[in-house]
Amino acid sequence: MGASAVNLSVQLGKLKLQNPVMVASGTFGYGAEYSGLVDLNQLGAVVVKGIRLGPVRGNPTPRTVEVSSGLINAIGLQGPGVDGFIEKYWPFLKTLQVPTIINIWGTTVEEYSEAARRFDALGGVGALELNVSCPNIKKGGAQFGTDLQLLAQVVSACRKATALPLITKMSPNVVSVGPFARVAEESGSDALSIMNSYPAMAIDIETRRPRLGNVTGGLTGPCIKPIAIKLVWEAAKAVKIPIIGMGGIQNASDAIEFMIAGATAVAVGTANFYEPQTAVQVIAGIAEYLKRHEIDDIAELTGTVQIGSD
Amino acid sequence: MGASAVNLSVQLGKLKLQNPVMVASGTFGYGAEYSGLVDLNQLGAVVVKGIRLGPVRGNPTPRTVEVSSGLINAIGLQGPGVDGFIEKYWPFLKTLQVPTIINIWGTTVEEYSEAARRFDALGGVGALELNVSCPNIKKGGAQFGTDLQLLAQVVSACRKATALPLITKMSPNVVSVGPFARVAEESGSDALSIMNSYPAMAIDIETRRPRLGNVTGGLTGPCIKPIAIKLVWEAAKAVKIPIIGMGGIQNASDAIEFMIAGATAVAVGTANFYEPQTAVQVIAGIAEYLKRHEIDDIAELTGTVQIGSD
Amino acid sequence: MVEQTVQIVSNDLDSDLYYRLVARGTQIAPLVQPGQFAHLRILPMKEALLRRPFSVFQVLGDTFSILYKVVGKGTSHLSRMRPGEELSAIGPLGHGFTVPQPGAETPLLVAGGYGMAALYLLAQRSPQKGIVFVGGRRQVDILCEKEFQALGWDVRVATEDGSRGEKALITQPLTDELRRDRRAREVFACGPTPMLKAVARIADQYNVPAELSMDEHMCCGVGVCLTCVLPVKTNGAWEYQRACTEGPVFDSRQILWEPPP
Amino acid sequence: MVEQTVQIVSNDLDSDLYYRLVARGTQIAPLVQPGQFAHLRILPMKEALLRRPFSVFQVLGDTFSILYKVVGKGTSHLSRMRPGEELSAIGPLGHGFTVPQPGAETPLLVAGGYGMAALYLLAQRSPQKGIVFVGGRRQVDILCEKEFQALGWDVRVATEDGSRGEKALITQPLTDELRRDRRAREVFACGPTPMLKAVARIADQYNVPAELSMDEHMCCGVGVCLTCVLPVKTNGAWEYQRACTEGPVFDSRQILWEPPP
């Protein structure tokens, strides 16, 4: 079977991706930074760092700390705001042949919907990803993702504000992800991103100070993959909309595991920091796996985990 | 300063431990199994595998799977039941010079309190640890630990059933651990154990089957330490009772990090499987650290994390 | 059961993907019984935490050896370790084979692939010599034939592709032998689970006793974690027993091959 | 900026805890500017995932070298790697030093410990020779003095314990020199943050320009993660800039030493 025979393209609502592998928000900047090292046009999509309506300075340093098979970060969503983004980064992004997905956040429902409206007006945006799950900001962020009412409000408001495909990025920090996934779907999400980082902390035992300026942060990397796989599997049982699986993806096997668990697409995050070619390698590895297993459409992989003795 | 000068002993309610380092339930069997390799009398306490009123067969295999810097387990609390335990394992345990802490669980409030009553009647038990947070059993277990009412009921019922020190083992799988910690305290717990394993899953991409017979399991080992540290720090701010910190402890530095975060004692779990001497090495390492920092009582370490520029 | 740091004396390719590792384990070596295993911590694995279990293949003075196949993370790291480097070993572990009494049944040993490793000490220490049936997929999977012959045992080889010995599953020559003469024979087997299951069926059919070394995934290796369990018949009922403690060697008649619901 | 697999040519102890590693990096070596760094992935670290940043010390043909101190996980693994082994390198990265123009100010280089590594290429490529002030705690922290002399530079040494050169902090001989003559001087410094802060104060006091290579913790090394930021003055206000991209070299007058609330 020739490479051409394998169909890697996937659909997220109205948005079609040439392959299911994107890069996770906050781990790939605004694309341009990696353009010297990575052929961005090979990716399924580029997801940019979280953007708020206005500029954000972010948290005091240290902002990241390395832990066993993972990373804790508390960047605090430093960013140029909508105008700064459109001025500095959009001119490059809009030249890409692959869609740009814009990750937005706010501290009020209005802030989210206003940002959505702005990007809807911009034109040429592939989709919006609502970050309702960042553990590293005092107000907003995670609290939207861990409260069913707030989640419904923020997603509905953005749904009204834009016709762009809406991706809701779920918080892992809930007792059960099912109900949250359903609320996000009912409120108008076209897809779900699972998962964001998990609340965590590290302390320097010599200074007895937190290793992060923000005291606590979000855990990411290979160490959280087994948690993310479970959340994707549970959410996939709860909703019909596609899921973008992420959490510790380092290679094609990891990505395929997410898809078998129920993900339609995947995103590479922390791995970009130590191996910028990861996403490109994952795409090749998935194609190779599909051929070896004589699967000619990637869609046939999603959610095929076999439970019980069938 | 001589070794004698350093005080390592800690108090959990009425229970005094010669040092703060115990072994975590389910990772040390019933003590006897390791007695050939480890000098049990050096430990702070031995915590036995979770026991239910009646015998339990446990989950189908595979029951554990190795992941990055961690382990996922779904043993299913296989055990001999209260009578079987008293007959087979208690005779050895009661000969130890260090306290035995008995970890109990059930699927109803009555089952918990009846088990508590039985062990109260047995005499010689150091403390009871209520496992309200095992993710690997269909009924009971975790659901008690993620529902404030149920948690209050099960702890209060056990409190009425026994005068033994009661340790409540908290579930990490909640939005915020503070309220659960407070309820456990108000319902009569003398101490809290934080944390139990985190719900997780792994899939074999060649067979497309879950890597565990039980499909999902609980994540443990170094990969969860940053999550556990944060939970201990949060719970310590919420309650006055002592906290037993656990989650990925491999060496003295890890244990000290838990204590600085707010733990009065610690438990070594998964590390026992690959290095049975871990707990003994941790005890020595803590003593060495205290001397180096000229701290003569371990109590002076607990909760001393410095937040802000003080 | 002892935990000690052992130093690698040699670690050489045997054939294809099989390696032989000799380690100096002063405390462990003298204690080993046939069919027991050592639980090795391979430190270069780093983010893969667990020990790996290996049958003790041979014992010489204060050294013991293992015969291992490279199948994944741990064994590939192990194959790259050099003499002088150290491993942490816990052993000897588990309940091994029953060494035949003088004048007892003639032992028939059945090995698949690295199963040979678990049987060498038994052949060496058995007062009766007998027959060793060695099976594998290809010639390269036929291990230490010479060593068993050197012990004076009759070695019968079968490969699935016929590249060495009879072209058959190893259960074929075993069946032929039992059909020829089933009297006063006892079977001892180690290999992949499907092979062991077939051996159990044959032993049952010819009504000869059989001891099987079961290959279960392990975690602690010492009986505390309850990972390595398999369903075992206990008067009328059944229970999960631990391959690392009650096993790895079980009486074939005790084993419940179809895990009950 | 290039990512390539580089092969270790040599990796030898320099003194005490300092090592010199030469790697063949055909694409990276020719591009390096003074003060830039390479971001190395040290694979044996396994569960420690991140790359480690090191100033490019010297460049020779298609090789570049680093001069590193063993301080933790990564550097100790690195120190055990042998010639022939490979590393993944991204480089050259960051905004380096401004190489003096012919006839421009006399460069005064100030180095603490491995800070020397960031300054060698600058000394080598500067049309003006100048003075190198080398400081450290003890004699062993005084690196590659000879190499700078070989470039025809005047090397002034100070150690805190007086075991080599003047018994003082390196800022002492720098101050003495500026007190003697502050005209047409420019300072370039690399070392521990407290030293850089002192150098900034002195440069300010004597009103000479200074470029400082800041030592911030890094993650991605290429500008996407926003880990390595420091507060930098921007007409009236301030913003967080990235040491890996806008830096590591900054104009000392731009740096906000007291992070605002």
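Order as written gives the chain letters A, B, C and D; numbering starts at 1 within each chain.
In the analysis below, a residue touches a chain if its C-beta (ideal position, glycine included) is under 8 Å from a C-beta of that chain, and two chains touch if they have at least 3 such contacts.
Remember, it's a predicted structure, so these values are computed and weren't measured experimentally.
Looking at chain A and chain C, the chains in contact with each of them are B, D.
With centres computed as the average of Cα coordinates, no chain lies farther from chain B than D. The mean-CA centres of chain B and chain C are about 36 angstrom from one another, to the nearest whole unit.
Our note on geometry: chain A versus chain B, Cα centroid distance of 34 Å, whole angstroms. With centres taken as mean Cα positions, chain D sits 47 Å from chain B.
Averaged C-alpha coordinates put the centre of chain C at 57 Å from the centre of chain D. Chain contacts: chain A has residues 68-70, 222 touching two or more partner chains. Residues of chain D in contact with at least two other chains: 47. Contact residues of chain A toward chain B in the complex are 67-70, 72, 146, 173-175, 198-203, 205, 207-210, 215-216, 219, 222-227, 229-230, 233, 248, 253, 256-257, 260-261, 289, 304-307.
Of all residues in chain D, those touching chain A in their complex are 1-3, 41, 47-51, 88, 90, 216-217, 219-220, 222-227, 229-230, 239-240, 245, 259. Chain A contributes residues 26-29, 33-34, 36-37, 49, 57-58, 60-64, 66, 68-71, 73, 75, 78, 221-222, 270, 272-277 to its touches with chain D in the complex. Against chain B, the residues of chain D that register as touching in their complex are 47. If you check the complex, the residues on chain B that touch chain D are 68-69, 222.
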